[in-house]
Every structure is written in structure tokens, then in C-alpha cells.
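Next up: the structures, one after another.
Presented sequentially are two complexes of subunit A, the first with subunit B as partner and the second with subunit C.
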Partner chain A sequence: MSLPFRNSGSAAAAVALLALLGACDRESRNTRGQPLGETVPTGASPDTIYPGNSQPPPLTAQAAAYENNAYAISQGQQLFTQMNCVGCHSHGGGGMGPPLMDAKWRYGGRIDQIAASIAEGRPNGMPAWRSKLTSEQIWQLAAYVRSLSGQVPKDAVSARADTLSNTPPQTQQTPEPVLPAGSAQQ
Partner chain B sequence: MRRVIGAVIAVGVVLIIAGLFWLNHPRSHNSVAAVPTSPNAAKIVPAAGASPPDDGNWTMPGKDYASTRFSALNQITPANVGKLQVALTFSTGTTEGFEAPPLVVNNTMYVVTPWPNYVYALDLTKPGAAAKWVYKPNPAAAAKGEACCGPVNRGAFYDNGRLFVNLLDGNTVAVDANSGKEIWRTQVADIQKGETITMAPLVAAGKVLVGNSGGEMGVRGRLTALDEGSGKIAWIAYTNGPDKDVLIGQNFHAFYPKDQGHDLGVSSWPPDYWKIGGGSVWGWISYDPQTKTIYYGTSNPGPWNAPQRPGDNKWTASVFARDIDTGQAKWAYQTTPHDLFDHDDINEIILADLPYHGGRVPVMLRPDRNGFFYVQDRRTGQVLSANPYGYVNAYKGVDLKSGQIIPNHALDPKENRVTRGICPASPGAKDWNPSAFSPVTGLVYIPHINLCMDMAVQNANYVAGTPFVGADVKMYAGPGGNRGVLTAWDPINGRKAWEIKEDLPLWSPALATAGGLVFYGTMDGWFKAVDAKTGKLLWQFKTGSGIIGQPISYRGPDGRQYIAVPSGVGGWAGAVVAAQLDPKDPTAALGFANAVKDLPTKTSPGGMVYVFALPQ
Partner chain C sequence: MKPGRFTALVVAGMAVSGCGGIQNALGGQAVQSRDFVSLFAVFMVVCTVMYFVTVGTLMWAVFRRRRATEACTVETGRHEVSAPGSRTALVVWTTLIAVGLSALAVASFFTDRSLAAAARSPKLAITVTANQWWWDVQYTPDNPSHIIRTANELHLPVGVPAEITLKSNDVIHSFWIPNLAGKQDVIPGRVTDAQILPRQIGQYRGQCAEFCGTEHANMALDVTVESMADFKKWAAAQLQPAIAPTTPLAAAGFNYVTTRQCSVCHNITGTPANGQLGPDLTHLASRKTIAAGTLPLTRGNLYGWVADPQSQKPGSQMPTMQIAPQDLHAIVAYLETLK
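On to the complex of A and B.
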């Protein structure tokens, strides 16, 4: 996401200048950046070996835009309860489904891999949500799921959960390492 | 002076606490009506016809249609049990919760595993019990993610040369017991709607009775009867809905006015909620061949968030008596109307004949999830007594005149607040793991738990095939700090004879033997034998994994008495180990993970049958 002002100093100077000019015109801002075309998040391989090229493909612009975005994480938290993710994964500790707050990932812990798992489903009972959720909702959910294991900056997560659960605040979550896909296979 | 004031305050505090305890302590109202005149007038015996003489086999999980889990074999006694040693072991290759008992029929042992529901036939006449065959039914893997409490199986049923097995993905199969070949397969539940099957079937009078699981998934609970020969569906009795679906007709006579009326399975719900209201049939069925009547209970209503479904929510958390040929209900009794806490009614039902007012009355004995031990006339459903066998503050008692449980409204969960200190917690004072009844001692041996919980509820959104719960739960040990209890219960006098406190929740069923012993296992893997009269620990053996499976006793080809037990932790209580949950989240496994945070340090997953015998 691009912001017109790189630091607060220049922002303050610009505001002061505008004020001096008698506020003839409203401040021109582009705080939400350019809209990105939504695409269904599929195709992110959970694998870690790329023959002939040892580098995993870089995150797409969509994935990068959602990754540490406070709004997306907050929306994802709401969806996590509303769409019954919480019924299987609890608040990250797991139950019918695997835990999401630890270091282990069956199908990869990168945001695009998480989004692909949500959209496409997984064979041991994870439903394929592609037909039930919009692409934006899937990305938002993926952003929230990634935050459960403390992978996002503390200023991007909510200190208070939406629900009255007894879970510790996300701001107190210790970041877990992201082990490669398959680390939780039984 | 200061000391005197301090003492006065201290005494006052003690009095207030004592008063509160007295007020909160549940009492059975009008319990006089329930207690028979003299405890020694006569003994309580299993229902005649439902408990034939022991032939040394173990053909069904409950041992007999009366569900006694009592073996008449008596070679192993309190005097010699100390010498019990391993005779045989068998690995299933699975690491999920291992709840199914091995069955033994004509010197063959049949072992059913959790998903993928393999069946092994072991020849007990061969050295090391060589396998005769293994049957692999290939149930869908997706079913694992639809089963609330682990991909468990609670046992097969042997009848007339065939094994009947329920598969997790909603199918029931009949397998030839000699060859291991599948004879028929019938789909009974739909995983697309969140339905699975975990219960053991009951086979009687040419019918195979199968219920669905999924009380946490917004399913429509039901019991299905299949024709034993062909597998074709004979009748379906829904738990909720109009009387014609529930198979309530002219022969239906509920004992209490609260259970009488037309289409209560519709009118006791908000519009259309009965279609997604749970009431699954995932527990135990008993059968009285003399009256051709089956008895079983139904699960919790869905969602757990009770304010979302005002009304009694019939017929969830209820017990039914039905004619086995037609499925028509004879009577029903809703044990916990408008359940608030996931207190299902699916626990075992022991059929017995009880001395009562100088005569005998045919009864059913039900250690219920809500914490009360119900003694009911099984002809009518009348409650003769209902006394708490564990610590209960969520209810104030059971009114025997109206049949109503008396709620403690101070603990009603409400939206936008957390209700704390609810006892028993959602798995109840006792969950699925059945008790054993010994006609020798007249006692019911109840393996159960002592957990309380905090609960926060919110609106749940129904999406078919996903959980329909709407509650955050956090469980912890109840008063005393011990999470498990084995209670020996005297059903005639409605009180406990003795109890053994266990640190971990007891998730293993019990076995009673005529030799005077009771066997049970703990979640850290100890298999124990105690004196049936006193509860004194006489022998124990540490198995490889935690025990949540059903122990049995049988006569081997050499004429000796054997004891067998599955070892393999899992299920709801053991999910923190079997599914590697993260207990940092206290709501994991619907709140159970918090109560057993220490379990991963005490046991590891496994799947093994252990068989014990006295030295030759």
C-alpha cells in the first residue's frame, strides 16, 4: 500500500503549508492505495521444493496487501466466528480441525498458502469455501489465521477479541516460527 | 477487641458459605417416594430375558441387551488378581482414540479400529492369535473433519455369523464373520450435512439399529432401523419434528403432562429450528426382548447457544421407549428440557428388576450426563428416584411429581457475558463411557468426571457441514481438584457405596466380573482392578497409551478367563494428545483442552489391545 507521506515530519510540514495557504483546497490523500483486482486465491503450492529453482515464488500483490493489514485482520476475525471456523479450530487451539496458533502447518503457513487451503479445502475435512465466500473474505480470513501464531506486527492485531472467550489477547502472543508444510501431518 | 471482631466475622463468613452450599446443593425432591422400604428386602437383578447366562463370549459392547457389562466368569478373584499378566497384545496401527471393545465369539477376537474402521479377526486358538482376515471398508477421510470428538468408533455387534459395523462416514456394513467379506452396505448418515456415525449398532429381532452423530453440526438427529438380512431401511425415527416423523402415534403414552401434547417436536422450537436442532442418537441402546422394546436417549439441542432456541426443544436430551418392529414410540421423557450446557441424554441404560414396595418393578438405571442417577419404571418412564452422583450446581434437583429438572437460573448462560463456575461442565458428570452393573454386589460402577466450566454464548450461524455451536467454553477441575471419579452406586438406596478419586478425567468404561472385581483404565494408561465390594486397588498395569476403551472378559479356548482392554488415548477428552491440539487456547476442543493441559506430558497416542490372564 503506497502512502503519499513517507514520514510524519514531512506530513506535518505539508499540513502547515496547506493551512498557511488558507485551506483553499482539501488535502489530497490516497490512504487506501489503488484498488487491486480480486482473484480467487488458488494455486499457492504447499510444497517447499521447486526443481531447477530453489526460490519459492514471491507473494502476489494481493497477498502482500492483506498480509499485515489491520482492517483485513479485524474483518477476518469477525468472519472466523461467523463462518463457524471457530467451531473446528477454536480460537487457534484446534478441535475438530488442527490448531492454527502453533508453528506447524499441514499445507503451508504463508498467507497465499492459507488462502488456498480456505478456498480449495483439504481432504481430511476442511471444507472448500470458494463457493461460499468472496475472494476478499478469503484473503481477510487468511490474514487473521496468520495472525493467530503471532506472525503479524502487534499494532496490526486487536488487543481485545470480538468474543468473550478466555483466550489471551493476541497482542501477547509470542511469534511462532513457520515450519514448512507437512510439519503437522500425522 | 480486634480479635473478637475477627472471630465474629470469621464465624459469619463460615455460616454464609455453609448456607450458600446448603442452598446450592441439589436435592432430590420427594425422594421418599423413590426409596424402597428396605434395602435388604431383595436384590436388584438384570432384566430377565435381556441378560442370558454367560457363555464366555462377548458379542456386543454392552455384553447383553440389558447393558450390564458384567461377566459371570469368576476364575480371576480379589485373591489372585495380583498375579494377572499379559497374555497377548495386538497393534491396530492407528493413533486415534480407541474406544471400541474387542468382541470374542467362538474363539475368534474381532477388533474394530477408529477411522479407517478396519476390522481384524484374530484366531485365539493359534499361538499369538494369528489374524484370520482383515476387513478394510475405506470410509471417506473427510468424515474425520466432521466428527466433533475424534474419529472414534464405539464397537461392532456380532449376530448370527455376521459382524455389523458403523463407519465414520455414515455407512453401516454387514461383514461375514468367517471370511471378512462385506455382505451389504447402507448409507445412514450424510457427511455433507455434518453427520457421522460413532455409536455401536444394536442388533435385535432382525433389525440393525443405527443413529447419527453431529449434535454440534446442526444435524437432524434420528435412529434408523435396517433389515438385518438385506440392509434395507425399515423405519426412521426422528428426534425432532412433527409426530409422524418422530413416530409418535396412538400407542404413545408419556407419563408426565410436560411430555404430553401434539407435535411437541415442532411447537417447542422457534419456526423451522427443529430441522437443524440436533438430538442425534450417538450413544447406547438397550433392548427388552420380553416386551420387544428398545430404550435409548438423544443428544443435546443445537446450537449450544440456548437463547437462540427458546422452548423445550423436544425431543432433544430425552429418552425414548420404542417398539422394535415398527419404531413407534411407547413413551418419551425429556430429561433436560431446553438444555443449556450440552447435557446430552445418550448415556447407557441398564435394564434391571428392582425390589420395590414388596414386589418387583422393571426399571432402567441411567447415570445421566446432567449429574443425576435416574431410576425409572421402564414400562411408563416414571422417575422413581433421581439423585446426584457427582457435584451439581447447574440444577437444584429433580421434582418427582412433575418429572421436571429444576434449573438453577443463576447459571443460565446469556449473550454478552461469561457465566462462570457451571458444574458439571458440558461433558456432564459423565460422558459416553458406560458403567457396569454387578448383580453380585447390586452396585453400578460409574466411571465419570468432575469438571466445571465457564461459558460464553453468542449467535451461531448455520452453514450445512460446519459446526453449529455458538459457545466458548473453558473447563477445569471441579471441587476437590480430582478430574475423574469411579463411583460405586447403590441404585436401591440412591446413594454411593464408595468412590475412587482419579487425577485425570475417567474416559474409560468399566467392567464388572463375578469374581468380585471391577476393571477400568485411566487416561495416562493404567489399567486397574479393584475390589467390587470395597474399591480397594488390587492390581494395575501401565499400558502404552491412555485408556479410553471398553474392557471385556471372555473364556479362551483353553477354558481360562481372560481380560482384554483397548489402549489408545483420544476422543473428546484426549484430543489434546491424539490431535495435537494447542492448550494455550483454553477453548480448544470445545474447552476440554484446558482441563487436560498436562495430558501431553503423561501419555502419547497409540492403538493396542492388551489381553491379560492368570499364569498357567
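On to the complex of A and C.
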């Protein structure tokens, strides 16, 4: 029997090369937000505190599809400026509105909770965007807001912000731990 | 027909089809593009002549018969320094190069002067802002109450020099109306400009000429060069606010457009819709195309575009909104009234 490779070294190199090629599969852009069927969580914020069981329910397929998606995050970054989120939240540092790049989340820091806050609005000034933005855009914004506190893998965030910034790029950010909803008041 | 001949015909057909119509770099319907076409002709003639002289001489050198005296240069070691006539050839060759280069330099100089003269004292100020993937057009006369804002269309009066200020909101684009002028790069954070002095009434097509993202190919600009009277009529109509809806269906559309997602990005002058991110829709129905030249403006295309922009122009900034059928009817009915 004759092997196509002269030694085990070249065989290993060939396998490594194949493995590298396998990584070339880029995520595909879902520009229509379909066929998932767009829905944004409605009503109260999806809470993380549950009686008898401390485990919150898993994310829906919808939320999971947007969560670490590079295209959704970069579209969200564009919307964040265009919809004037910067007017109150600045570029994450906060101002009139709370900062978005720290660990504190008044209404929860999971992507579905952030999406609910954007869609429903919150007391003391956060407007409801439900009928102004599409569900897809709200998910995109939520995906970007998550990335502000470094919760997104580095290969999914933009290496360079759209605006001037004196902080390190998001790719060099250390993730902030997500505290459970309500802990900001403590 | 032989396959070879067929291919040749197809290629020739494609080449010729590039030489006519509304998007033609050799059209010369403005002073600027005419100057460039003349310069192009001079360069073409000079370079073609020089090319054939060079290649011809080379071929002659390769194929001519060797003379008897040269036959045994290698063997005898005797080198004839100059073959008869080579000095004359050298002089002719040097003269040709000098004359050719001078012709190019002189032609270039006069083109430059002509371009500068055409750009002097512009009578019409226009600001064109490039976006992914559409053109925001604003006529900015001295009197601010005469500012016109439109999108993806440019109306120019014939014989009036126009100064076009170019800006970009996102990435690098390039402003190019092949029949009239360009190209000029449009760079974010920087202001560039282009001048157009149209000479011939007609319909032309501008096109972004710098790859700017997935929908770069669908980033066109309808250009209308018209008489001064027609231009004034158009400008007066554009200055009017949007017409109020008259039918119940159009009124329902007005309600949807001014209170829901549409008004977040689109502006309709005279209504509560005042978004500044997307194309101005005040006189949408008076345009020839929608979505930056992607589709002709027809009722069917309006339905298709409003219902699902992402299937017409995937990646465009207008999202698919999942509008209910009755709302879609109302929106299109209202948009069609925006003459």
C-alpha cells in the first residue's frame, strides 16, 4: 500500500490546511429578516428571575440568530447613530440616558430583554420604537447594544467604530459581566 | 454560422452597444465631456500611430533578410557600427516621438483651459450627497426659500454652467454622468466638486463609478437636460409642498406613511413625515425611476418595492416591513398622488 504522502508531517499539514479551508465559510447575510418570522418580545421585560427555578428559559431562535451576527451588529451600529440613540446614551457612555457599556442593566442585558426595552420604551424618557422600526431593525440595534459592553465574540464586532472614539476598539474590550435584572438598584 | 464568427459578432455587438444612448462616455453632450472626447481622440490617434510604427519596425527587423556583409559578424568578429540609413531612421524616430509627445501636451493644455473656462462663473449651485445606495440632490440657490430637495434625479437647464458640490454620508462613491461629466470621487468628510455645462437637451443616466457596497450597480441618477423654461416649470413644481390626499384610500396611506416606519427615514414636505435618512418623497410620482434607477416608476414596481425592498435590492437600507395588504394598497395609492 502506498500513501499519497511521503511522511506523516505532510499528511498533518494537508489535514490542517483542509481544516483551515473549512473555516472560510462566512456567515450569510440575512437582509430580509426572514424566514424566521419577525417578532419582538412584547409586554413586560422577559425576566431572569423565576420562582422555584433560577434558570431563565433559553433564547428563542430569533434572538439567537441575531445575537452574535456580524452583519446585524454593524447594521445596528449604523441605526444607533441614525435613530439618535447617541442623543441620550452617547456612544455607549451614557448622558441623559443610562450608559450601555457597563455591567448594569435595569431591564435586563440579554438580547431579548434589550430588544423589548427598545420596542416598548422604558420610563423616564426611553421612547417606544415598535411602530417606528421594523422588528429586524430592533433586533439589530439590540445586537449592537450588547456589543457595547463587550459581550460579543471579537470576530463579530467592527474593528473600527463609525465615529471618533477615544476608547480602545471593541475588538480589544474586556466583556462586562451581565448582572441580573434589577441589580442596578442595589 | 460558425461558432467563432458568432462569438465575434456578439463581442462586436456588445462593443457597439456601449457607444450610444443615455450612458455613453463618448457622447459629448456637455462642454466638459466634449473636451474629454476631443482629448481622447488626439491621444487615440497619436498612440495608435506610434504603436503601429513601433510594432511595424520590430516586425521588419525580425523578418528582413540578413545582408551578406552581416552574415559572418560573429565568425569574423568584425562589427559594422552603422548599417546604411540607420542614422536617418534614428532622426525620423526621435522627431516622431518629439512631435507626438508635444501634440499630447498641447492638446492636454488646451483641454485644461477649455475646462477652466467652462467652469467659470457657475449660475446654478447643486449639492449632491452620495449615500449607500442613492443620491441626495439639493439645489442651493442664494435665496434659501428656493432650496429644492429631491433624490436620484438631476434637472439641468441647457447652456447654464452648474457647479455641483459633492459630499458623502458613508463610504467613497464616484459621481459620473458619462454623457456630461465626471468622474469625480465623492469622499466622506471631504468636499469635492464637479462642473457641468450641458449643450444638448436630452435624458442621460449617471452611475456611481466607485465600488461602494453590495448595491453599487443599482446606484444610478436620472439626468434631464431641458430648456430654461422647462427647468423653471419643474423647479416651481418642486418648491410646492406635497398635495393633501383626496380619496379615503390615499388618506389612509397618508396616515400610515406619516405615523409609521416610513416617516422615520423619509421626508415629505408639508406633512409630519420629516425623516432625513432616506430619499425625499415630496414629489416621488414625478420621477422616472425609484430606488436610484433600479426600477421604472410604475404602479406594479411601487407595490413590489414597498412590499419587499430586500428582494428588489438586497442589502439596501430600506427594510422589508411586512406591511398588511390593505395598508400596502393605501400606501401606494398615497405615493401615486405625490406628483
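The rule we apply is simple: the second predicted complex is superposed on the first by the 139 of 186 C-alpha atoms of A that agree within 3 Å, B and C clash if a C-alpha of one lies under 4 Å from a C-alpha of the other, contacts with A are read in each partner's own complex, and residues count from 1 in each chain.
In the analysis below, contacts are C-beta pairs under 8 Å (C-beta built on N, C-alpha and C of every residue); 3 or more make two chains touch, one makes a residue touch a chain.
Predicted model only: the values in this text are computed from it and were never measured.
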Exercise. Looking at subunit A, does subunit C or subunit B touch more of its residues?
Worked result: B
For this session: Quick one: classify A:N124 as touching subunit B (first), subunit C (second), both or neither.
Result: first
Exercise. Given the touch rule stated above, what does A:K132 touch, subunit B (first), subunit C (second), both, or neither?
Worked result: both
For this session: In the overlay, answer first, second, both or neither for which of subunit B and subunit C A:P58 touches.
Result: neither
For this session: Check the residue A:G87 against both partner chains and state whether it touches subunit B (first), subunit C (second), both, or neither.
Result: first
Exercise. What is the contact status of A:P98 with respect to subunit B (first) and subunit C (second): first, second, both, or neither?
Worked result: first
Problem set entry | Shared subunit A surface residues [contacts with subunit B and with subunit C] | 82-83, 132
Seminar exercise, completed: Residue positions on subunit A within touch of subunit B in the complex are 81-84, 86-88, 90-99, 101-102, 104, 123-127, 132, 163-168, 184, 186
Seminar exercise, completed: Within their complex, subunit C touches subunit A through residues 259-261, 264-265, 277, 308, 310-311, 314-315, 319-322
For this session: Would you mind writing out the residues of subunit B in touch with subunit A in their complex?
Result: 95, 141-148, 216, 416-418, 454, 456, 458, 460-461, 463, 465-469, 472, 474, 575, 579-590, 593-594
Problem set entry | Residues of subunit A defined as touching subunit C within the complex | 29, 31-34, 38, 82-83, 131-137
